Amino acid sequence: MTSIHQPQKMKLDAKIPAGPLEEKWSNYRSKGKLVSPANKRRLDVIVVGSGLAGAAAAATLGELGYNVKCFCFQDSPRRAHSIAAQGGINAAKNYQNDGDSIYRLFYDTIKGGDYRSREANVYRLAEASVQIIDQCVAQGVPFAREYGGLLANRSFGGVQVSRTFYARGQTGQQLLLGAYSALSRQIAAGSVKMYNRHEMLDVVVIDSKARGIIARNLVTGELERHGAHAVLLCTGGYGNVFFLSTNAMGSNVTAAWKAHRKGALFANPCFTQIHPTCIPVTSGYQSKLTLMSESLRNDGRVWVPKKKEDRLKPPHLIPEEDRDYYLERMYPAFGNLVPRDIASRAAKVVCDEGRGVVKSGYAVYLDFSDAIKRLGKATIAARYGNLFEMYQRITDDNPYETPMKIFPAVHYTMGGLWVDYDLMTNIPGLYALGEANFSDHGANRLGASALMQGLADGYFVIPVTIAQYLADEIRTPRIDTNHPAFKQAEDQVKGDLNKLLSIKGNKSVDDYHMALGKIMWDKCGMARNAQGLKQARKEIQALRKEFWENVYVPGTANEFNPELEKAGRLADYFELGELMVIDALTREESCGGHFREEYTEDGEAKRDDANFLFVSAWEFTGTGNDPVLHKEELVYENVKPSTRSYK
Amino acid sequence: MKFTLKVWRQNNAQDAGRFETYSLSDVENDMSFLEMMDVLNQQLIKEKKDPVAFDHDCREGICGMCSMVINGHPHGHVKATTTCQLHMRSFKDGDTIVIEPWRAKAFPVIKDLAVDRSAFDNIIQAGGYVSVNTGSAPDANAVPVPQDLAEKAMDAAECIGCGACVAACKNSSAMLFLSAKVSHLALLPQGKPEHKKRVISMVKAHDEAGFGSCTNTGACEAYCPKGISITNIARLNREYLTAALASEEAV
Amino acid sequence: MSNPIAANPYSLKWLGHFFGSSVGRKLIMSLTGLFLCLFLLVHMSGNLQLLKGDGGRAFNEYAYFMTHFAPIKIVSYVTYFLILLHAIDGIALALKNRQARPSKYAVNPTGATWASRNMTILGIVILLFLVVHLKNFWFAYKFGTMPMVTYDGKEYKDLYSIVKEAFSQWWYVAFYLISLVALCFHLLHGFQSAFRTLGLEHKKYTPIISIIGWVFSIGVILGFALQPVAMFLGL
């Protein structure tokens, strides 16, 4: 594999502009560098990924006049997994006159992130949220509207204002199609060249700057060299390290991980969000978990039987007094509406006690019978009809008659490549946007905020911040892809692919992915402890070794070969999985999506601001070696960290 | 459950292709159709044979990537469902299932069941957008949009671009796909300024891609996993005829 | 794109582009189809003269009128032309549409009415019928030797007797009826389809068009079927 890095002596500088919080971004925009139109034409930018962040960035940079190349592994940029987001997108428009403001959205996001995100980034995000809605409406995104023709809002994710804009249950789809249409316009205009069915397999660094990528044409298998003055990774999250997640099958960490191997720091990898209301695993062959909107908890009551022996009894035969409505019992103030991480952990606790309501033991009931009695079936159907239908389609159970069965599932990863205020990684010219970076959601993301961040980064942040770097690159000619660094990177990629194909072992890629997923879920999932994490690291290392000796990848590298794609992604997940475990072990506190069983108070997560008010940014030092931790201290100048309580 | 699968195998666009028959046991009721295909592929890999290539991604019915004609039904026989959301419980134990790719000149086969749908991207690139640069938008509430129009636009915008309409149409016409985008944008005030140019240019891209013409059979609507209505095609025709005949827009 | 330097802005090129487009081609099918529906109505009401029980006088006089009144003659030539246009464009479109799917399904998707999927076959049956029909009646009337009949001292070609003879043969009646069934299915889809092609679809009016379509398709066919059956049975 690659040469072992010498740990870098670096002081992480987030390059946060000086001045009051409210003025940082506007000052930055007013005083920052610009690139003249004539020079933009001479500058090449590569955008990897075509989701909300990638499509928005590629389209906007194309509009500005840069030469953009955009890559996606799907058959069309319109299919990126942003499309699956259901609920909505937050924006501090205050159209409802309910006291919302940019500051309040900023505050909610910081608090929701359990005080592990950067104030300046989050404030900028809240500022951009306003423009996002304007932009999307102008593109023709059909947001829900009131009879008067103005935009409708709903409240989402337990906040006290209605600031969520939505398009039925398909907000992510409509926003992505808006970004895709803007991207398509630039493709037609010739300012963006689109590479569908291409996967980035390495980033090329020349003289310590990112200068291009190696991409594999997934149809022909051909390796291609693409040079550019800057490379943007907009490649989403890494939830699929758990094998089962709500992510798309193809969602992967490869681009980010290759960058990490080339020296980019990976921040807070252990911060993963587990969504409490997903459809439970039903079969050993299950490939994917499906999310049910968390709005269901507004009217559904969560319970399991009090007695273990009742767990597989038909629910209607279990009398009221034998049911444990555990969220209402444990958190009387918030009841069934506690935040995602708390609801998820509570489900795990009751299932670990042996009271889970399916054969595998991992499911709880979400019961609408009281709500139907109180409000009538018609009201419930009006509120959740399409969700009930979707549930019935998948499970064949009718939620009007029998309680839904739900269980938490991996949904989103807050961690990602470390970036500064400019969204640039520590490799100059290499940027990370959207879920691929770590910066805005801290240890836990609020509902309806992922779409906001992807679009803010792509439409409004990167077009400004990238100029700061590119303004100094105007004298750099087009990147020569015959440079030895390109050859070296290509040879490395070729070698890795050939190695995977040459093992010709006895187990499939999926066999190993499932095994890795199980280790991650059991030991680095909803609850973690030092012993389990240490054990997990050993198990991952052993499994990785076995993988490289015994995996069977059919076919060749010179053809359409989905198994080879999966194998390459899994190889990176093995390394990422180990890093996640190390990060989780190092972070000796419980915060947000990271729950350490040793660090609790009355059974609740106990955050340790005295010792862990920092971002863990990890440096790669070679597969299996201990990575080096760099800390970015988090400074809270405007918000005072406080403890979340929902009792 | 046990099934006999007749699966279309084709190495690449040049290969003639053929059916191969596989038998599969241990299929569970609750599996999705694609999970059943996963099981088949695991079996093939264990036998050191070439697994069946098929497109899929989100597996929750929204990305539009999955694409199989199952016993003559694009996305299978269950109404308003994508292949990934089709479950094996809707088949009978012991069934023989014939699985084919989308077949259309404009969708050449890449391998087995995976086809190239770039023609759809080309249609959108021809005008399926509102020409508005980032940052230039007025306040989102500056232009009220009647709720019924917004809802109709949303009905059309729900299209996931899977291509089932083309697969189902006896003419391999992409009119439902095309009309959904034209309708979505023509219904909204934001799409109005360029709606004439848009429809003419998108129809041209549609024809150049090698799709057939619409004969209003309604098969597209019947198989559309998102229930996009053929009414959109009428609207497209109206838009096109008025743009081409009653305006000075170049045809 | 309009380029001020290039060519004459008043060029007629757009016509070629328009009628070459898939929507333009369908417009031809739609408009010719709807015109032919009108023709069917007129033809059918003419045929009803056969049932008057006056020994064919009304019918023969009607036939004379239709072939000797100048404006009607012009309309009839327009009709011939539109029939040909409808048929040729239809067949050409069908051939082009076939090319859009070079590799055929083992199991064909359905999901649509039988009629809508088989418009070309139905159309070809109708075209074959027209050839036979025109040869027997129209060609014979115009260019063949016809028996003559005199009403009020004026000579008329006795088309009635030719028709009567034709419809005394069971196989001819059967051929006629089968063709009418094909026409009926062709209309059931074609009538409504024509309106959709014109972009005329409306929540309130489309159901009305749909009812008119059904009534028209079945009514016209019953009207046409009435006289061969009645004549065959000697009613």
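We call the chains A, B and C, going by the order they appear; numbering starts again at 1 in every chain.
As a convention for this text, a residue touches a chain if its C-beta (ideal position, glycine included) is under 8 Å from a C-beta of that chain, and two chains touch if they have at least 3 such contacts.
Quick caveat: nothing in here was measured; it's all calculated off a predicted structure.
Asker: Can you tell me, using the touch rule above, whether these chains form a line, ring, star, complete graph or other shape?
Answerer: Topology of touching chains reads as a line.
Asker: Can you tell me which chain is nearest the middle of the complex, judged by mean CA position?
Answerer: Going by the distance between chain centres and the overall C-alpha centre, it is B.
Asker: Please work out the Cα centroid separation of chain A and chain C, and write it as a whole number of Å.
Answerer: Going by mean C-alpha positions, chain A sits 62 Å from chain C.
Asker: Could you tell me the distance, in whole angstrom, between the mean C-alpha positions of chain B and chain C?
Answerer: Result: the chain centres lie 36 Å from each other.
Asker: Averaging over Cα atoms per chain, report the distance between chain A and chain B in Å.
Answerer: Computed from C-alpha means, the inter-chain centre distance equals 27 Å.
Asker: Residue numbers in chain C touching 2 or more other chains?
Answerer: Chain C, residues with two or more chain partners: not present.
Asker: So in the complex, which bits of chain B are touching chain A?
Answerer: Residues 12, 28-32, 34-35, 38-39, 42, 44-46, 48-51, 53, 55-60, 62-65, 81, 85, 87, 89, 110-111, 114, 116-118, 120-121, 124-126, 128-141, 143-147, 150-151, 153-154, 157-158, 160-161, 184-185, 188, 190-191 of chain B touch chain A in their complex.
Asker: In the complex, go through chain B and note every residue touching chain C.
Answerer: Touching chain C: residues 6, 8, 17, 19, 69, 71-74, 98, 100, 103-106, 109, 167-168, 170-173, 175, 203-204, 206-207, 210-219, 222-223, 230-231, 233-242, 244-245, 250-251 of chain B.
Asker: Which residues of chain A touch chain B in the complex?
Answerer: 56, 59-60, 63, 74-79, 81, 83-84, 93, 95, 131, 133-140, 142-151, 167-168, 170, 173-174, 177, 180-182, 184-185, 187-188, 194, 196, 219, 246, 248-250, 282-283, 285-288, 290-291, 393-396, 459-460, 463, 508, 510, 552, 554-555, 559-560, 562-563
Asker: Tell me, which parts of chain C touch chain B in their complex?
Answerer: Residues 1-2, 14, 17-18, 20-27, 93, 96-97, 99-113, 116-117, 119, 189, 192-193, 195-201 of chain C touch chain B in their complex.
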